[in-house]
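Labels A, B, C and D are assigned to the chains in the order they are written; within every chain, residues are numbered from 1.
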Amino acid sequence: MKELADLATSASHEAAPPPRDVRLRIYARMVEMRDFEKRAHDLFLQGLVKGTSHLGLGQEAIAAGFGAAMAPGDYTFATYRGHNHTLARGVAMAAVMAELMGRAGGLMAGKGGSMHLTTVGKRMMGSYAIVGAHLTIANGAAWSAKLRGTKDVVVCFFGDGATNIGAFHEALNLAAVWSLPVVFCCENNRYMEYTPISHVTAVEHPAADRAAAYGLSPVLVDGNDADATYAVAVAAIARARAGEGPSLVEAETYRHGGHSRADPGKYRPEEELQAWLSRDPIPRYRQRLVESGVDASTLEEIELSSARAVDEATQEAMASPPPDLFVVERDVWADGGSSWRR
Amino acid sequence: MKELADLATSASHEAAPPPRDVRLRIYARMVEMRDFEKRAHDLFLQGLVKGTSHLGLGQEAIAAGFGAAMAPGDYTFATYRGHNHTLARGVAMAAVMAELMGRAGGLMAGKGGSMHLTTVGKRMMGSYAIVGAHLTIANGAAWSAKLRGTKDVVVCFFGDGATNIGAFHEALNLAAVWSLPVVFCCENNRYMEYTPISHVTAVEHPAADRAAAYGLSPVLVDGNDADATYAVAVAAIARARAGEGPSLVEAETYRHGGHSRADPGKYRPEEELQAWLSRDPIPRYRQRLVESGVDASTLEEIELSSARAVDEATQEAMASPPPDLFVVERDVWADGGSSWRR
Amino acid sequence: MTYRDAVAHAIAQEMARDPSVVFIGEDVGAAGGVFKATVGLLDRFGPTRVVDTPISEQAIIGAAMGAAMTGLRPIAEIMFSDFFAVCWDIVANEIAKARYMTNGQLALPLVIRSANGGGARFGAQHSQSVENWAMAIPGLKVVAPSTARDVAGLLAAAVRDPDPVLFFEQKSLYPSRGEVPDGEVVDELGRAAVVRRGSDATVVALAAMVPRALEAASLLCADGVEVTVVDLRSLVPLDVTTVAASVAETGHLVTVEENPRLCGWGAELASIIAEEHLFDLDGPIVRVTTPHVPLPAADALEDAAMPSVERIVEGVRRSLA
Amino acid sequence: MTYRDAVAHAIAQEMARDPSVVFIGEDVGAAGGVFKATVGLLDRFGPTRVVDTPISEQAIIGAAMGAAMTGLRPIAEIMFSDFFAVCWDIVANEIAKARYMTNGQLALPLVIRSANGGGARFGAQHSQSVENWAMAIPGLKVVAPSTARDVAGLLAAAVRDPDPVLFFEQKSLYPSRGEVPDGEVVDELGRAAVVRRGSDATVVALAAMVPRALEAASLLCADGVEVTVVDLRSLVPLDVTTVAASVAETGHLVTVEENPRLCGWGAELASIIAEEHLFDLDGPIVRVTTPHVPLPAADALEDAAMPSVERIVEGVRRSLA
């Protein structure tokens, strides 16, 4: 395993820490994400969340750091492992929970499911479940923002495994050639589904070591350090907003659980797991906040309010009825229907 | 335009020149390729070659240099611009010509056409017309050679434009991870169909500047210098044969004509064209041979015999009848037929 | 105007009308397209709105999708329709499903145009008729004009349509000429055209098969057989009404498809008629298609493979027998 | 044995028999496959013959193709059949056409297996039934078993077949159990199975729709309607003989397809019967399919979308009405 200490070279540690209010917001988000996903997992075990779901437990510092750095007009594109990124944009927890449960009150009325969380109103432009595709789509939104002359920036998250698929290559090249306002963030959690990324990749850092192939500078960041991810996000987003083109960030992290609900994650060496658990971004950040003088009661307040919010969201989602069946044949087309004939 | 003189750093100029017999073989092949393609072009203008065809006029030093470096058991994979690569493997000219003319005596009885020249018996494993795909297929042949324990090497040719498509990326990564005996040779002729590669690529050298993304060393060679391409090919093939894995070579060159028959190539600046015409690999090589002491009569003999061979091949191809129509429904399946029902 | 020119004509009409219309693809700008169907657009609308791309079909289609969901109305070109296979994921898994999966949140007003079909002796990888690939995917509209006028009217309609439209230009028709009315031409998607009327049989064709079906109709007419020829014009929406009404009159249905046999649109139409109008039929439903083989390159072979006027005539006779 | 276990069983049988059989895919080795259908193969045959790949479907399928043309008999896994879209070029443009374009020079004895279909609440991008995508491409054989026994026999046959075979494992069937005889099991591709006999109507189904059709048959039987159920088992070759013979007896054809409506195999079959056996029909050909929509994720919605036993019963009644 790569020495994590090496990552301390990331810009953030030299940069000034984020302001206190930003840090508190980041902390609050991370706690909410964690509480939300743990609840989702419980509901799974109870058979209330159906299908599959891919938790980002342990990876919260990336979604939260970037989320805090984004402006309301910026666009998010995420993967099936997108709960955290959805919550990071301020999407209502209850609607997300209801979607996981396949209820009428779900974010997409149950039609999308866990892997496709989308809230266009919050510029959460979707969670995409085919590895790599959404990098090309993110480019499109960035191109559009550029052409329409807004200063909106696109942030596109994906996993380490996605760096070996063709769409990654095409998207990065086009973004660079067109100098698009897009930030690509690779969440390198060291595994694809069950196979270590190192077994199937020609370079050590699947994203950073390829930045040069697109004329970009490599950016490697400790993805379990929310101050670091925030700093990197601020810099890359500012660059994009200033018209200086795309960035490719690789955030090193680890998922605490398996790939998806079916997976206990047993293929990972116990020491590796323990080493990463000891670098859990949330207690680590909490301790840093305490050390920086935030008092315990402020943090406890955040934690309590998160727990409450998740409870309420769960109640609300559970109260939501199953979807009306007629929606099956709705919304294929802009006219609201699905007719293919006349 | 990049200074061509810079390319003189290629290994070949320091290396000893190829032995005289190899040089003569290379020269003979280049002359044949040139004569063959000029004739193909004439036949086009006469309406005898149908459809399309993509000439490699000006790029002969790559096919010839690599061809001379390959052992009979080595495999070639080429693109629609594959006449030269086919001839480089010793495939009979008449059958190639007949294929271009859609005759029964064609290499594939007229079923494939100019863009799909294949002669499995000579290990010319095909010309592929969808940009990029064959890089992945070349890997498969290399993997097979490796597993079967033969020492055969695969050489896969493609254009600069192919470096921006997803399949390129997937193929290079897999080749590196599996340490396959394959040499990828990018013939950078500076244009895709009509668009300069520099307009759509994030790096200056579309292949060489990306080698590092696959843990490979960049290899850039003057593709208009047959000694140089030969030297690079010998080295890369030896490496592959020794089990040391793949190489990615970028050979800088230029096509004398347009992209395909329909294209006069007018989008290219006249000075650029002239500069490259003055570096035509064939007269250049001829001069070098003369300077190295080969006497004119030897070279003239080669030239005459090539002209004769092309004349004979043309006659033979013209004498070949149109294909029997029943072949339309033959050879979809291994049983020789095309039935999809019972 | 040629079918080819009608493409640039329609794109120009729409780009002039709506500044959110943009156009991207390989060699589409400076070169005016490899089929010269988009000549002049770069000069007129500039490099911000008419953009040459790398050979990156996934990136092209992804860019169109992302742009469409954020306020532009992109037109993307896939040079040969065979290359849809390289970006099929973005087309079939992303574009087609996005509105539905998001419960209507994402709108994707975009057009993907592509040169489709055989006849140019380009061989199996540059000659396919793949409109059925698209028809099989819920969430895509599928249009395939047979005349210059329809290129103009249907392409404009496709650009204005709020849903993703795959627009198939039959490459063998590019040089064909036809009247295109002056001024703005905009059609409605999903209306078939009855291009010849006859009471003995209904022949349904698409794109380059329409002129062939009309030729067959003339030959049959000389023999006293009067057929209706329906130009389908679009596969989704599919104008079942027009076809069924004609079959109710004639009692005979013959479909003429350039695509290979299995699972073509003709099969769908046949199954609809066999389900909903079985008792209107007085003879078998005959499908004339390319045999289920890749298309060969040699001229003689390609001509033998594609549905010929003779095979259409024979198909009608078989239905009437 | 479960349907799932029959996969590993058949692969092991073939790998043990023929050293040129190799197996590659994402997470297929160390993890035994994400559906646990290939557990034990890595241990038994080692990392040279059972290889975990990067997420690079084009590279996977290209590797299989290149290996097949040079002496191996690869089996490649595409984890979910939806991902065929990512490598469709290599499948449809390269593998399917190579033998034909080279006039028989290239042989491609390879199998691509994939988990197909809905029912797992995975949403629109992980639930498609895409066997028709393959059926529409000349040069591909297409197999889709409905029982553990057929997985064993047909997968072995696919591996031994000299042509490229796409092998669709219906993911909703993985847990289903059935007898698999001891010893070597090898079937023939292209033979449908009559799994129930009745003289009133012919119901043709594939994969997960076969058990549903059988359930519908039981319900109908209770009402005095006796139907024949045909398990198609393979789409290419398509066993028209068996279906047509049954329709000749019953006069009624109902197809049950998990795929969305347009251009499914049911349409092809309907068009064949309407062309060749029209006058055997005593009632409309009814197609029961998923509506032409992407598959929704929520359990209630997914169940409502896919063909249910009730809809099959209703379809048969409609044909008989």
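Quick note on the criterion: a contact is a pair of C-beta atoms (placed from the backbone, for glycine too) under 8 Å apart; a residue touches a chain by one contact, two chains touch by 3 or more.
Small disclaimer: the values here were computed from a predicted structure and weren't measured.
Peer 1: Which chains make contact with chain A and with chain D at once?
Peer 2: Per touch definition, common to chain A and chain D: B, C.
Peer 1: Counting C-beta pairs in contact, does B-D beat B-C or the other way around?
Peer 2: B-D
Peer 1: Please indicate which chain is farthest from chain D, where distance is taken between mean Cα coordinates of the chains.
Peer 2: B
Peer 1: Report the inter-centroid distance (CA atoms only) between chain B and chain D in whole Å.
Peer 2: Chain centres of chain B and chain D, defined by C-alpha means, are spaced 40 Å apart.
Peer 1: Between chain C and chain D, what's the gap in Å when you average each chain's C-alpha atoms?
Peer 2: Distance between chain centres: 29 Å.
Peer 1: Please compute the C-alpha centroid of chain B, do the same for chain C, then give the distance between them in whole Å.
Peer 2: Comparing mean C-alpha positions, chain C is 36 Å from chain B.
Peer 1: Which integer distance in Å separates the CA centroid of chain A from that of chain B?
Peer 2: 45
Peer 1: Would you give the residues of chain A that are in contact with at least 2 other chains, written as numbers and ranges?
Peer 2: Residues 111-112, 116, 128, 130, 133, 164-167, 170, 173, 177, 199-201, 327, 332, 338, 340.
Peer 1: For chain D, what residues touch not just one other chain but two or more?
Peer 2: Residues 53-54, 56-58, 82-83, 85-86, 89, 93, 100-101, 123-125, 138-139, 236, 262, 291-294, 296-297 of chain D touch two or more partner chains.
Peer 1: Line, ring, star, complete or other: which describes how these chains touch one another?
Peer 2: Graph shape here is complete: every pair of chains touches.
Peer 1: With touch defined as at the start, can you tell me which chain B residues reach chain D in the complex?
Peer 2: Its residues touching chain D are 75, 107-109, 111-112, 116, 118-120, 125-126, 128, 130, 133-145, 147-148, 154, 166-167, 170-171, 173-174, 177-178, 327, 330-336, 338-342.
Peer 1: Taking the touch rule as given, give the residues of chain D at its contact with chain C in the complex, in rising order.
Peer 2: 82-83, 85-86, 88-89, 91-93, 96-97, 100-101, 123-125, 132-133, 135-139, 236, 259-260, 262-268, 270-271, 273-276, 278, 281, 283-287, 291-294, 296-297
Peer 1: Touching residues of chain D toward chain A in the complex: what are they?
Peer 2: Residues 26-27, 30-31, 34, 52-58, 82-83, 85-86, 120-126, 261-262, 291-294, 296-301, 304-305.
Peer 1: How about chain A: which of its residues touch chain B in the complex?
Peer 2: 164-170, 172-173, 176-177, 199-203, 209-210, 212-216
Peer 1: For the complex, which residues does chain A have touching chain D?
Peer 2: 50-52, 102-103, 106, 110-116, 128-133, 161-162, 164-167, 192-195, 199-201, 262, 267, 322-323, 325, 327-329, 332, 338, 340
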